[in-house]
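Alright, structures below, take your time with them.
In what comes next, chain A is part of two complexes: it sits with chain B in the first one and with chain C in the second one.
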Partner chain A sequence: MSEKMPSQMKAKELLAYYQAKLDEEARQAKANGKLVCWSASVAPPEMCVAMDIAMVYPETHAAGIGARKGALDMLDVADRLGYSVDCCSYGRVNIGYMELLKEEAMSGKTPEALANSPAARVPLPDLVITCNNICNTLLKWYENLAAELNIPCIVIDVPFNHTMPVSEESKEYIADQFRNAISQLEVICGRPFDYEKFHQVRQQTQRSIAQWNRIAAMSQYKPSPLNGFDLFNYMALVVCARSRDYAEITFKKFADELEELYKQGGSAFKGAEQNRVTWEGIAVWPYLGQTFKALKNQGSIMTGSAYPNMWDLSYDAEDESLHSMAEAYTRTYINTCLENKVNVLLKIMEKGQCDGVLYHLNRSCKLMSFLNVETAELIQEKNGLPYVSFDGDQTDPRNFAPAQYETRVQALGEMMDQAQQTGQE
Partner chain B sequence: MEQNINALLEQFRAVAANPKKAMEDYIAETGKGVIGIMPLYAPEELVHATGFLPMGLWGGNRSISKARTYLPPFACSIMQQVMELECDGAYDDLSAVVFSVPCDTLKCMSQKWKGTAPVLVFTHPQNRGLESANRFLEHEYAVLQEKLEAITGVKITNAALENSIQIYNENRAVMREFSHVAAQYPQVISNKDRHAVFKARMFMEKSRHTTLVKELLAAIKATEPQPWTGKRVVVTGILLEPDGLLDIFDELGLAIVADDLAQESRQVRVDVPEGNEAPLYRLARVWQNMYGCCVATDTKKQRGPMLMDMVRKTEADAVVVAMMKFCDPEEWDYPIYYRQFEEKGIRSLMIEVDQEATAFEQARTRLQSLAETL
Partner chain C sequence: MYTMGIDVGSSSSKVVVLQDGVQVVAQAVVQAGTGSSGPGRALEQVRQFSGLTPEDMDFVLATGYGRTTLPMAQKQMSEITCHAKGVFFQEPSARTIIDIGGQDVKAISLDDRGNIRQFYMNDKCAAGTGRFLEVMSRVLEVDLEEMASYHFRSQSPASVSSTCTVFAESEVISLLSKGTPKEDIIAGVHFSVAAKACALAQRVGVRSEVVMCGGVAQNSGVADAIQRELGQRLLVTHDPQLTGALGAALLAYEEIMRKGKSA
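Moving on to the complex of A and B:
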């Protein structure tokens, strides 16, 4: 950990500092007999944080393991337990990791695959919380965690919005689940719920989200001071710490830095950006660098992605009915009808002044893949911009072929160049 | 008597094999239309109360070609089939299609229908223990009811709905009895015929189906059950098709004595509860009472204990897992109940189900070695 004080750190340093601090806090919590909760990435943490429960995020953790080339060992463990390679690789990496932690806890010995893993050490949970606003896989995965560890599972079910806007009935059902989660937590924690802190945590969450949105807004400028791939990195804190000031502090710093860069006429792209793309889907974590470089090498910068935008969880923190908070957690674009999904993407492309789209056909994510054909066609009908699709996977490195990716990116580059030339003629 | 049984079975086989004819006959006889019901669960009673025929859309056995444009290879086998049929216009004579979205694949499928029939989507709540979940689903059903009324031009009265609920509850009870009786008469009801009786259920008006099943039960029960020299298995999964797979069970003397298939017994597991509440609310309660299914969230994971209980009650020798290719909700359940089986010494075997398949040699080899070692 850096010796600098956080107030002296740059955004990048703050990001690393707070990520490490969160892991350390979770380990300390466990050591001191406090509760640890594993949470789905867009599940509402507000109730748990209000009860001072240490939060750990398996999706972020799995992405980190993937990025550090440690996924295969965990995937092998899941394979041994009978998990099909068809199951989400985040889920399988996490189940593998959980199994190794469990073996360690039961035998007192650290399994070799765990000892050698580049994964950040996180403790086993005392409870889990899940939410299906980004997939129903998170219901199955967390059912299994709860069963394997014999611990409580809090479910926040946000029904698929087949029509938009979100219905009042849906909001009421979700708000009722928040209230139910509160009573579950009172039982689990053995003490009354802290409503005052809950209010403060909601306010904090909104301050973090406001700073997150400030960062995302920077890609509207041309040339862009923001490299969209940086959002993939900073996402770790909007997932893991949006209800804490860690996220707010880091995002504010980063947004300030970007504004400063913009004022000075600088840009994220060293050299002139040739064109700007939208990345649709989750990052390919084991190949994050390669996927970025292939774009960079041909002068493309990513200035739009709906994926990090899913954490734009703006709501009215003063709304005690919790309907506003319910609405924020259910309107995730992949939890809505195709028409709305397309509109969200169109706005992102427009805001980022994008020239084309790169669709990730993600072997691990059916929900973010099976509508790609229709989404791409509808978007092209509306804005006429070119697109390509590539095969990949968020954390299973075996499902991504760099050569195919590079060819597709090149094809997109050529189409965008051609469109620009045609536009200039 | 045997002749009578066979004549009755022939009727089920004919309907199961030719849903198009079942649809055309229904339209000719009643002058009313047919409404498709996508897997896995829908309040069919609402459709039935309009006088239209609810018809299950559970894939087929086509060679996949057009669907490849719209679905990657890792979409489940049944939805590849449904997509192929959509592209072929096979569903275009339906007046509408009712769509539930309890898994990620179905959410997407509900947004990309390639046929001409209107799609009526509703969402099941997953925090099923809560009263607010019942209320939410009741509202979803009310919206669905309005849409059905607009399409069919029929006002669904509470009286008509209560009548349909009774018809469905009776059919479910009769099918549970059928499953029980078929297990006692494996020489009389082959696995393939057992499936045909269940499958015909999806294509027939339910009171007619009930009458026919009752006749079949009476005819079977008039004979003496014979000792079974083969083995007895419980099957679990989404469905067990094509028939070629069931032939192997029959050839190897593996009698299916109970099933936990979404297409079969899961459809008749839970009745609409009795009570004074409005019928729409009671229909919603069915989902709360559902259990042992991969798309009905269960943080207690009771599917394994449920299957073990089925094994005990039916004195089965093993569980055969019919794993729908690329069905991740089923795949997520497997490791948990597999471990529970191992802990209790229950034999099990997983075979892959691909509706497109025409050759089953791998499944045959695996089932054969299971049969030999039981």
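Moving on to the complex of A and C:
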């Protein structure tokens, strides 16, 4: 770990420092007999953090394994357990990792695939918490984790929003889900819920989210001081530490750095920014560098993505009915009707001043991807921007072909050039 | 003024040399694609025919999957743009393009100036591509060049899956073992390819004229199946395998003109 104090670190250093610190805290918690919870990425952590439970986020962990080229070993374990390649690769990587941890715990020997894995080492959970506000796979995946490990599973059930805005009935139902989770936590922890700390945690979460939104807002400037792919990296902390000050500190530093860069007339893009694109869908973690470079090489910067914006979980921390918090956790754009999804994306494209759109048809993420064909057509009807889609996967490198991606990205670049030339004539 | 377009695909290499952006003065096709001796052999054929080499060119533009592997190319562009350019040059009434190559199927929609309005390509699957036909040709023991004549003799095309090459191969083996005539199986294979291509064409919106290009367009059986599947006339470009290279040579010419303007 770096010898610098956090106050002396740049944002990028803070990101690495706090990520490592969170993993270390989880390992220490386990060693000291404190509870460890594995959590879905957009499940509310506020209740668990209020009860001083160490949090681990399997989706972020799986993305990290994918980015470090370690997914195949974990996917092999899941394959052997019978999980189809049509199941979410985050789920398969995590279930493979869990299986190896379990084997180690039962046998006292570290399996070779675990010993050689580039994955950050995290402990097995004592409970899991999941929420179906971003997909339904998260229910079965976490139920499987709980069944395999014989541990409690807290489910925050969130109705799909077929119409917007979110109804009062829906908010009350979700607030009840939070209250039910609180009751479950009191039993699991064997002590009364700490409502005062819960209030403080909600306030902290809002301070983190406010700084996160400051970063996201930077892409509106032209040239953009923010490279959208950086959001994919910093996302790790909005997922894993939004209810801690780690996220607030890091995001504030990054937003300050970006503002300073902008004031000095700088740009995120070393080289001329020729056009700006929206990336719709999850990143292709095993090929993050390649997917970024194919765009960069033709002067395309990504200034729009709804994916990181899913963590714009702004709510009123003082609202004790928890309706505001409930609303924040259910309005996630992929938990809403097509019309709303289109509107969210249109705003992102407008704010990012985008010239084209790249849709990731992600074999792992049915909810995000299956709507993309229809979404793309509706959006083009409204804003006329050229778009392409490519086949890929968030963490299964076998489901992505770089050459196919590059051809489509180049074609998008050529269509954006053509649109610019036609506009100039 | 000479410009050269080189289209290095997954299974063949194609070169077109243009004079002054209008006249084809040399062309070559070698049935060996990226990573093989194909590009070098195609350039050698051009040299033998016309005496012209890349050094004699004012601009060389490359396309296809092997486009980044050619050191003589000054620019690379996607095969989508190159095919659109090549087809529109040959057939200005083209509004919908169906291009089937070795491992790609694509449908491109053009506006009345030849600009790309939208395009869709196949996913990571060989069904409906030239490679699919090669697999079937091997299983059926019928040369690719002969498949069209079988197609037109079919009385009752068999049903063959269009979702997966492996599934389709098993179906074809099963049809063979049942004694289904090869004519009907081959027509079924062609309709399977047509179904995949037409689904993409319908996604971009089918507007006349519909024009087919790419190596598979040389198989008139596939063109017939697409025409019947679409229920409207299908034109096939002259030398359909060379359309991408022709488009690349035309775009090379436009590059020079643009540079001339800005100079």
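We adopt the following convention: the second predicted complex is superposed on the first by the 425 of 425 C-alpha atoms of A that agree within 3 Å, B and C clash if a C-alpha of one lies under 4 Å from a C-alpha of the other, contacts with A are read in each partner's own complex, and residues count from 1 in each chain.
Definition applied: a residue touches a chain if its C-beta (ideal position, glycine included) is under 8 Å from a C-beta of that chain, and two chains touch if they have at least 3 such contacts.
Nothing here was measured: the structure is a model prediction, and the numbers come from that model.
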Based on the shared chain A superposition, would you classify chain B and chain C as clashing or fitting together?
fit
Tell me the contact category for A:167 with respect to chain B and chain C: first, second, both or neither.
first
Applying the document's definition of touch, where does A:116 land relative to chain B and chain C: first, second, both, or neither?
neither
Between chain B (first) and chain C (second), which, if any, makes contact with A:140: first, second, both or neither?
first
Using the touch definition from the top, say if A:374 reaches chain B (first), chain C (second), both or neither.
first
Tell me the contact category for A:132 with respect to chain B and chain C: first, second, both or neither.
first
Can A:361 be said to touch chain B (first), chain C (second), both, or neither?
both
Thinking of the overlay built on chain A, is A:420 touched by chain B (first), by chain C (second), by both, or by neither?
neither
Identify the partner contact of A:297: answer first if only chain B is touched, second if only chain C is, both if each is, neither if none is.
neither
Is chain A touched at more residues by chain B or by chain C?
B
On the combined arrangement from the superposition, state the nearest Cα-Cα distance between chain B and chain C in Å.
6
Can you list the residues of chain A that meet both chain B and chain C?
361
Chain C contact footprint on chain A (complex, rising order):
361, 380, 386, 388-389, 391, 399, 401, 403-404, 407-408, 410-411, 414-415, 418, 422
Contact set on chain C toward chain A in their complex
65, 76-81, 115-116, 118-121, 123-124
For the complex, which residues does chain A have touching chain B?
81-84, 86-88, 91, 132, 135-137, 139-144, 146-148, 152-153, 155-157, 159-163, 167, 169-170, 172-173, 176-177, 180, 337-338, 361, 363, 366-367, 369-371, 373-374
In the complex with chain A, residue positions of chain B that touch it:
69-72, 74-75, 101-105, 107-112, 121-127, 130, 132-133, 135-136, 139-140, 294-295, 297-301, 323, 326, 328-329, 331-336, 338-339
